[in-house]
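Two complexes are shown next, each including subunit A; its partner changes from subunit B in the first to subunit C in the second.
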Partner chain A sequence: MGIPVELLFEAVLFGILLGGFYAAVSAGLSVSFGLLDVPHVAHPAIMVFGSYCTWGLVRAGLDPIVAGLLLMPPFFLLGMAVYRFYYETFEKRGAEAGVRGIAFFFGVALIIEVGLILGFGVDQRIVEASYIGKSLSIGGDLRVPLRTLVVFCVAVLITVVLTLYMSKTFTGRAIKAVAQDEPALRLMGVNPVRIKQWAFGIATAIAALGGALLIIIGPVEPAMDRAYIGRTFAVVVLAGLGSMTGTVAAGMILGISESVVLMHPGLGASWAPAVSFALLLLVLGVRPQGLFGR
Partner chain B sequence: MKFWIGAAVAMALAIAIAGFVNYEYFFFAGYTVLMFVVLATAWNILGGYAGYVNFGTPAFFGLGAYTAALLYKTYAAPLALQILAAAGMAGLLGCATGLLTLRLRGIFFAIATIALVVMMETVFVAWRYAGGATGLQLLRPAPTAPFESYIKMLFVLMAAMAVASVVIARYIERSWIGRGLRAIRDSEQAAEASGVPTLKLKVFACTVCGALMGAAGAPMPMYLSFIEPFSTFNLNYAIGALASPMIGGTATWLGPVIGAVVLSTLQQVVTVTVSNETNVLVVGVLLVVFIVAAPEGILGLFRKLKR
Partner chain C sequence: MQGTTRSLLHIVARALGAVCAALLIAGGAFAQQPIKIGMSMPQTGSLGAGGKAELVALRMWVDDVNAKGGLLGRKVELIAYDDQTNPALTPGIYTKLLDVDKVDLLFAPYGTVPTAPIMPLVKQRGLLLMGNFSFQVNHTVKHDMWFNNLPAPDAESWFAGFFEQGQKVGAKSIAFLAADQEFAQNLANGAKELAKKAGMQTVYSQNYPPATTDFSSLIRAIRAAKPDMVFVCSYPNDSVAIVRAMNEIGVGDGVKLFGGGMVGLQFTPIMESLGSMLNGIVNYNSYVPGVKYPGIDEFLVRYQKKAAEEKVDPLGFYLPPFGYAMGQMLEQAVNGTKSIDQKKLAEYLHTHTMQTIVGPISYNKDGEWAQPRMLMIQFRGIADKNLDQWRQPGKQVVLYPPAYKTGDAVMPFDKARGK
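Now for the complex of A and B:
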């Protein structure tokens, strides 16, 4: 059962870097599911779609991160459209929206996944950039791939900007308000549906950037969203729905535990996918309101 | 009465087909369609009546399949025993899942059931005796007396299981259990407040649902002469089991049957004529179209036409 100390140190270091990435890919879900209560099972699928768009733009000669940023406006509009549709068909009618809403997003995820398979095949896709494939030595024989550092920095930036947006701007505060008390917002003369639509657009735009990070950190294939359903929901639930600070902390916890399991001599790669789901079940069973829950 | 005659006719038809048709592929395809009738009917007991979305079909189905395969590998147990044991194991897992509903509702329950699938897959990938990631090759025994081929026997067996599961679902639907489950779906708090034993009913529904799914999975290793974790715990089973009732209609036992027959037949046709990927796309598109445009499924459409 033992794991050598230097290996553990390495695992924790990689876990922190990985954790930042997990926080970034979950940030969008933390808005759409955490704040707006939309059972957005298709979030990881939209992210993988973003990865494929990034792949296309990189082939046209762009840097993957620039590509991800360029994808944000169109995905923002896409997100607004998706929420509008969801609202008109399910939320507005109220009753029984639960089962059908979940099944709806599940179906959407399926369509995106198979669409990608039909369009691009099941092969893995990778992108090229100046920082991919190099590594940085940080003392001794410990080397960190440059790409994980770049992804980590972008991830931190995403969460910081999103946190500031949510607490400092008028619209950001309105999004938080709509999550807390929708009828009150309506009494103040604000249209909650428009605020939610805006927020869902932001969530989808972040998913596009998350997709760019996803393809920077490793090869991407269409069915990848299935593994990320567990990871992203685990992070959001562990964080406590909608808490940005919590999202970072939860991402780190998931990243470190996955990385330790991965490097553990007795467990290894075959147990790593179960970590996020085990964590999720544990949190749901023991502390459903999450670490930083309201 | 009409129902029992219908059930008897369906069963007689399956036996007659097995007696007169001699086209092997028909039985391969027919088996899959009937299997989805069982899965969809089982899913609907929890998802349709009680309103709890279960993505965990592959977990129950796969546990059943592995129970059967391991019993066969270790003791060369007969098929009937394999099915009973599979139903028992998957029923236990269903019971445990039912206890989860104590704290989890809606999307949280749905995600937890996905978690169940991944955990089961991980366990069986890591378990050497069960074949690990490479899987287990199983040698089929000779078919039992009146059947001349094994696949025909499995076809008739699955037909019997489909009829049995529909009978169970119909019983639940019409008894006080079904009324209780529907009360839970409409408002769990109101149901609890008016004296419906919600937890007991939910655990019961989960157990029955799990046991039926496990039974449906039990003949799978014999059907393929092979078992392997990645295709056994594949989420595509969850999609089929969920999409069929949604397409057929979730309110009654007939909905999932119609949905499963229509959807799986269509899938078989598309898989053969176009490709396996297109077949999954068809399911996805049909699912979304029906949820959005015809929330009460094919049955609901018929009811509208009649009016």
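Now for the complex of A and C:
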């Protein structure tokens, strides 16, 4: 059983928008895991924390996107503090830091989850905004949900700003350098720990904005981070560690494959996650370094 | 003088003896072990919101029983662990409850998915299990000591009202969208049988994976199939996403009825947040304001006070009254048999009608309600951001069953939504 061309086109369009969302929620991880090699499994939990903070600010009368932008500075500081603690207690101590680091970040995720339950309860939280629940009619039968369009635009903006920052500023280039050759950076008189701390702050700030996008897309609850650990790591690995352009491309691949499988009448929609991850395996089989990895 | 002293000593000695005897009796009673009731409850995860609200109601029942002197003169203690809505955890939790905590009686966790894995355990050990809003988990296990508090034993009693409305307006085709997990699949399969009996043609049927992010593609595919009715079986997070996508993408102006088995549209925070997006949807519910049961109004006043303190569902219409009723049934069985013997309790529950705050409940041989009372309602005239509107009758018009009917469905779907 095939899929009509018109529907296929719409499935791809919805997939591109969904892919933008996946790229946005993975962009922070692309910095922390992709560039800094920190096994940051608490990234989705920080994002969910950002969603709850957004929910609080929306209740105070702010738009979710504005709320997400306002949350970036405090989350930047939070990220710097978390990295410093991680560095002092784990990374500084050497070879087993990676494995123990995973345990550390699982602990952070659990603390955030329990904190959210104690602070907000377990009810699903939803935000309202002028672009949620409405669509943009683009001739004929084609209607595009405004919330996914808004999220896609923010995702593109994050990618552009982050790419420019990494390539045009001294700190951005230093972050890329610390990922490639830390001793060389040290020889040039730059403190790699401070650079990593700064980069982790940026990753956390982006996670806060990602949290705002998450609650725009759908309801959140404290344990929602678990559903995003696999997805965000898959996007970052598929992209090629640390590649911002790759993150968008990988998000699109997952988004489009998910959307097409969901809409296709002949394929079981239940296969959507399996198809996405099979694609991930396939790409890694051909290019182990990921789509845009070197 | 000596005689006076002696008689005084005699009196003091007698008084001391009486006090000691009283203390011994009181001490004996005090030393009696409490009756422990164990359960797991989803307190986090997708069913956590409902589970926590119901736990408030169950604790109210425990407090009420203890205020009356307990059961058989023993205090009641409720031990509840969080199963995280994870079916893989429940067998372990119930084994711990039985073998480590040594509980006397069991309540099932809220929901089909967490309950299904413990059915073999309770059957194997011959234990009474008070079911908690589970759908057909005893259907194949056939445990004769299972008693569910869900007011619908099968898909027919659950959704007869939905299909009846569709038939009234001559619906000929139907689309099915269901979550790919046990509860939704059981319901959807039952609903498919009902559709077949009603002579409806299935033009679309899709099972979506749990944790689906966006439903735009699925809703668009439903619109392309041009059904007369859309039947959805979903869990809370999905229900919200589906309602949003339905509002954005649309299901087509040929659709007469949309809804059916969407879990979550009964939870106050979700209803409040979705607001006017709910208008026109026809969905099941267990209780709505305006339905009269003895004692439920008083219960809800007390519950709502506690719910505000515990940050759970502020109105608590859906699950909490049925959780409290589950306790009431156990209480009547224990008092009726003057025992906590599991077999005697099961026999009592099979042969008596229980009086509860959700009305009288009697059981069929499978431990399901002999007289089902699941409501089919239509959301009407819902405004955005207004919690108080949900306290009034009329916002959820009861279409079915006839005994509780408060109005007819407005169809087609677009008309019901005011478009």
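Methods note: the second predicted complex is superposed on the first by the 268 of 294 C-alpha atoms of A that agree within 3 Å, B and C clash if a C-alpha of one lies under 4 Å from a C-alpha of the other, contacts with A are read in each partner's own complex, and residues count from 1 in each chain.
Basically, a residue touches a chain if its C-beta (ideal position, glycine included) is under 8 Å from a C-beta of that chain, and two chains touch if they have at least 3 such contacts.
In this text the structure is predicted, and so the values were computed from the model without any measurement.
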{"item": "First (subunit B), second (subunit C), both or neither touched by A:Phe106", "value": "first"}
{"item": "Dominant contact partner of subunit A by residue count, subunit C or subunit B", "value": "C"}
{"item": "Subunit B versus subunit C as contact partner of A:Pro4, first or second or both or neither", "value": "second"}
{"item": "Touched partner set for A:Glu128, first subunit B, second subunit C, both or neither", "value": "second"}
{"item": "Contacts of A:Arg173 with subunit B and subunit C, given as first, second, both or neither", "value": "neither"}
{"item": "Partner chain in contact with A:Ser270 - subunit B first, subunit C second, else both or neither", "value": "both"}
{"item": "First (subunit B), second (subunit C), both or neither touched by A:Pro219", "value": "second"}
{"item": "First, second, both or neither for A:Arg287, with subunit B first and subunit C second", "value": "neither"}
{"item": "Partner chain(s) touched by A:Ile117 [first = subunit B, second = subunit C, both, neither]", "value": "both"}
{"item": "Common interface residues of subunit A - those touching subunit B in one complex and subunit C in the other", "value": "113, 117, 270-271, 273"}
{"item": "Contacting residues of subunit C [partner subunit A, same complex]", "value": "43-46, 48-49, 51-52, 84, 180, 204, 206-209, 211-218, 220-221, 223-224, 236-237, 240-241, 244-245, 247-250, 264, 267, 269-270, 273-275, 277, 310-313, 384-385"}
{"item": "Subunit C-touching residues of subunit A, taken from the complex the two chains share", "value": "4, 7, 10-11, 14-15, 18, 21, 113, 117, 120-126, 128, 132-135, 141, 143, 145-148, 217-219, 221-224, 227, 258-260, 262-263, 265, 268-273"}
{"item": "Sites on subunit B touched by subunit A in the complex", "value": "47, 51, 53, 55, 100, 103-104, 106-108, 110-112, 114-115, 118-119, 122, 125-126, 133, 185-186, 235, 239, 242-243, 246, 250, 277-278, 280-281, 283-285, 287-288, 291-292, 295"}
{"item": "Residue ranges of subunit A in contact with subunit B within the complex", "value": "33, 39, 41, 89, 95-96, 98-100, 102-104, 106-108, 110-111, 113-115, 117-118, 226, 229-230, 233, 237, 270-271, 273-274, 277-278, 280-281, 284-285, 288"}
